[in-house]
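Same chain, two partners: chain A is paired with chain B first, then with chain C.
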Partner chain A sequence: MSAIVAAPLLVALGGAIGCLLMRSRPRLLRGVSLLGGVGYLLATVALARAVFADSDAILVYYLSGWQAPYGITLVADRLSVIFIGLTAIVSLAALWVSVRTIDASGQRISYHALYQFMVVGITGSFLTADIFNLFVWFEVMLMASYVLVVFHSGPEQTRAGMQYVVLNLLGSAVMLLAIGGLYATTGTLNMADLARRLAEPAAYGIAPGPVLGLTGLLLCVFALKAGLVPFQFWVPGAYQAAPPPVTAMLAGVVKKVGVYAIIRLYFSVFAVATIPDSGGLSVVAGEPFLVVFGGVILVMALLSILLGGIGATGRNNLDELLAYSSISQVGFIVLPLAVAATTLPGDSLFRAGVLATIVYAIIHGFAKGVLFLVSGAIEDHVGTLEFSQLGGISEQAPVLSGAFFVGGLTLIGIPPLFGFFGKLLVFKVGVEAQNTIGWIAVGATLIGAILTITYVTRAWERAFWGPPNEFVEELTVSPSVVAVIAGLAIIIIALGIGFQPVYELANGATSAVIDTDAYVRAVLGPESAHAIGGGLR
Partner chain B sequence: MSSNNQTTVIVRTVVRSVVPIIVLVAIGLLLQGHNFPGGGFIGGVLTVTAFALVYITYGAEYLSQNLLGISDGSVARRETQDVLDPDEAFFSGTVGRYSAVFGLGLALAAGGGLGAIAFGEPFLSQAVLYFDHIPVFGVIELASALIFDLGVYFVVVGSLLTILAVVGNE
Partner chain C sequence: MTEVVLAIVLGALYALGTFLVLRRDVVRVVWGVTIISQATNVYLVTMGGIHGSIPIVSHGGGGHHAVTDPLVQALVLTAIVIGFGTTALALVLTYRLYQEHGTLDLQELATTEESQ
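Presenting the complex of A and B:
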């Protein structure tokens, strides 16, 4: 047990506290915040080295030495490390852009501390091994994001912020309710302990029926956080209202927390449970929980892809278009999960589905990071993102436009960019399934891909091509901001050309998801089933 | 606070005798909190109720200037606004000072947790020291959890006072 597991979390927490204490010294404050961002990246690298050093390491850290399932436990396995890595890179880039573009007084009073606390919450969500703590970290992340969304505090921001806050508070209340219910029915909150108990519900006196309902309720909350249809209402408003670097974080990383929670809980922890014969569920009796979740996820994914895609093609504002695109892309992210849910964790299709989701989530994180940072840079200098006021940006700011081009093409999925492999894997899962759901998925992916081509082309043609007008002619973005955005774009190209290592990392993460037994043994100890289970029964 | 809005003598007298008791109870709850009912949170909330009573009966200026010694109250800030930029006024004003307290508290709580790592124990591990044969008290227990509790106490006091000052100014 080494403290390296907690390192990213503690570094981010230290950064947040440092920012709170340094508020009266603006230059030092920015320095501390950037140092926190760099330190977070270094801590992540160290953690990744520790996790990937051993081929199937699951590092467990018991806070203040209390053993699981009683104490607070942090777990770093390959799945969490991949998502923390995404967070580290995107958050550092967005932080640098924040330092250069957010007004000095705002940065001083609250921005940096809030930003760091948001990173703390995200990291905690990826590391926690306990569903109640997942709720707590969600709250830490959301509390900070509430303030960041209304940061400019104009009338539009306040309206969007209200919507965002009310919906998410409702979501949090439902989440707490579902978690409380799960604790009442299963007697534990620890994810590993939950998995162990749900595998043999009779031995622990658990009625699987209520558990199914409660986990379904919980799924709605994660769908809300991920912005899936029909819980997508908050997305366009919040994304337009928030300062651009925050939007890049919300779209790039915060949404992925919802996706991560769905993968971790539904495809690892709850995947082992089966639906009981009694209780009026005779149609699906004896089937695994995954059948129900898969159906729900399928419907949400299809609706997201279609509604988001169609919504995006009709927008006349770059930010709004990207926000709708984000709804559609999250549909792509979870669609392979729906196909995977038709089989059991041992199946190769299951593996392929989870793998495609992880890869696509990472791609979307980088792509949306780049796109929102570009749109933010344009908004800061031109003052608007309405297509009618834009045009010819590619002549005025070629590097910035190049980054947008790369981000857009990776959303479409043009080889050799990173996005190509995401689309490829999603299609592959649908085709390999050889069943109705698989073909539905392939059809939806095709339509979604065409919609993606339409709206990306439209954004490019309306905003970046043509002769520059008088607003755009004054577009001069600070070179360091352009460099950071270009750096993210280069990462997208590099990860596409050198996809093999990424594939292997994601494959390792998929193994970590599938091997629930290893997770349970790592958290609760090798003989957990006998040692602890007997005492609690 | 305007003169036609003065609180009565009864309230002023009661508050004067009640506030020290509240603060004493708050500190008692804080010190015993790690293994008895109480703790940093409830101690902090109770302390703020004492502040709130003073605030309601004697006014915001009395609380910040006479009691806490913050020279730059809301009145003074209005006069110096031309000279100082608004950020400076914020940080030397009441709200800025109050909000600095919760930063310190958070640092204390996290620092107390990090201390455990320095001793090779997991984050947030705690230890207890007993001092035997102390006159009058018998045994005194010194728990490291007190540092964490103290941090929580300052976070609660700082944030509630900030809220009180911000809402009170409106």
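Presenting the complex of A and C:
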């Protein structure tokens, strides 16, 4: 048991409470919030050091000392630490931009506390090993994000916010339904215990059929959070309505919570389960659950890539274009998972697929963070993001434009930027699969890549090139904001040039996903997991 | 028997909630969402089994009679509190929507979006 696991969570929570207490002192409030952001980064570094100190450490913390599976367990393994690291960097950058750009009264009212609570919810979702607790952290994250989306509370924001709230409330109800059903059918809420029981359902009296249905329901909820087609309706509205730094967080990090949940639950916990021979599922009888999930994820990924890409190409507003692009990019993120699902966790293709997804998720987090922060800086000073009102920004603000250029190119996947390796790995998985699904994935990636080139080029050409008009000539962004955005862009370049360590990290995270056995042993004790090892490897 | 009745009630609640969510009036949509989330709470309690006795261990040990699973009831309490907060937020948001747009009809809200 190691208490360091709870450190990022507690720091963020402390930051949130500190912000609530300092409401009457604006300067101190901003200081506390920034301190919370820096402290979160330090706590993450400390946690990462603890996790990576031992080559395959899985750190476990039992809340209030209640042993798993009875109490709530927090687990930090290499997968969660990577995503928390992404959160720490992007949230600190967005926080600094918030301090400089959100109007003073807004910051005083509630902005910082909400922002910190959103980070608390995100961190909790990455750390928890209990599916009901996951629901609670989702709610913490969502409730803060509801208010942040309607923060400016104009006509546009209230309408988009309403849509966002109603869709997510329905999603929450469905999530609770699925979790309650899973508890009734499997008798546990602990992820490790779920994995152990699903590995030998007969021994625990579990009917796999209902479990398959309920996990399918749960998959819809995670797809809603990740903004995959056909659950993407809230994305453009909410992204345009939210203040720009919040949009950077929503697109860069909050969406990844959905992706993380899909990886953790479907490719580690539920991956060990097999569809029963009886019960009317004769087409896929005897196959692992992954076959069904893989098919569903494949369809959602293909539709997201195409619909998001085509949608982005036709937009005349920079923010809207980026929002549609984000739908398309999440399609790219989950596509390798669909290919991986055609094999079992022991296979090299499975490893390659999960690895590609993790790498692409990190890339997308940084790239969308940069792009939305740039578009936010432009909107703050020009007042609009319609292409008809923009032009010539590259002359007026070369550094800002450079950051956008790097973000755009990394979405396209130009070497030596970080994005190149993401695209490379996604293509590689498709080609290596040597089956129909693999070739479909390659085709979709190709079409999606062409669409990405089209819309990024269009955004660049319409907004950043050409002669500056009278609105753009006013554009003077505060140097510290430019510096932070440029810093994120430099991270993208640096991670591309020094890709080897990133690859090692993502590879370690993939091992953590695949080795469900080790996860179960770490959470439930050494002698608990013998069943799973025999089942699949 | 109670479980059959509850199953029918649950079906009716979900049907009603779905019906309301598909209305044009925002207030009805919010009601629909609220009913669906409440129905989910009822479902959770039902899933815990309602045959056993109250899950309180009396003095000197529990005895051998079956008790109802107390965990689902703890889960439902959490879910109710969360539902309370989100419903309040949704209602406030509905009011703000009316203030900003002067209508709560989804069709009209969509047309104002197009005209901008």
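Convention: the second predicted complex is superposed on the first by the 528 of 537 C-alpha atoms of A that agree within 3 Å, B and C clash if a C-alpha of one lies under 4 Å from a C-alpha of the other, contacts with A are read in each partner's own complex, and residues count from 1 in each chain.
Just so it is clear, contacts are C-beta pairs under 8 Å (C-beta built on N, C-alpha and C of every residue); 3 or more make two chains touch, one makes a residue touch a chain.
Computed from a prediction, not measured in an experiment: that's the story for all the values here.
When both complexes are superposed on chain A, chain B and chain C end up sitting side by side without clashing.
By the document's definition of touching, of the two partners only chain B reaches A:Ser105; chain C does not. Once the two complexes are laid over each other on the shared chain, residue contacts for A:Leu134 go to neither chain B nor chain C. More residues of chain A lie in touch with C than with the remaining chain of the pair chain B and chain C.
Applying the stated contact rule after C-alpha superposition, one finds that A:Leu114 touches neither chain B nor chain C. When the shared chain is aligned, no partner comes close enough to touch A:Leu92: not chain B, not chain C.
In the superposed model, A:Gly181 lies in contact with chain C only, and not with chain B. In the overlay built on the shared chain, the residue A:Tyr61 is in contact with chain B alone; chain C does not reach it.
After overlaying the two complexes on the shared chain, residue contacts for A:Leu219 are found with neither chain B nor chain C.
Superposition on the common chain A brings chain B within a closest Cα-Cα distance of 9 Å of chain C.
On the side of chain C, the complex with chain A involves touching residues 21, 26, 29-30, 33, 36-37, 39-41, 43-44, 47-48, 71-72, 75, 78-79, 82, 85-86, 89-90, 93-94, 96-97, 100-101, 109, 112-113. Every residue of chain B that touches chain A in the complex is listed here, in rising order: 86-87, 90-91, 96, 100, 102-104, 106-107, 110, 114, 116-117, 121-126. Per the touch definition, chain A reaches chain C in the complex via residues 132, 136, 139, 143, 146-147, 150, 153-155, 158-159, 161-162, 165-166, 169-170, 172-173, 176-177, 180-181, 183-184, 189.
Residue ranges of chain A in contact with chain B, taken from their complex: 1, 3, 6, 10, 13-14, 16-17, 20-21, 23-24, 61-65, 105, 108-109.
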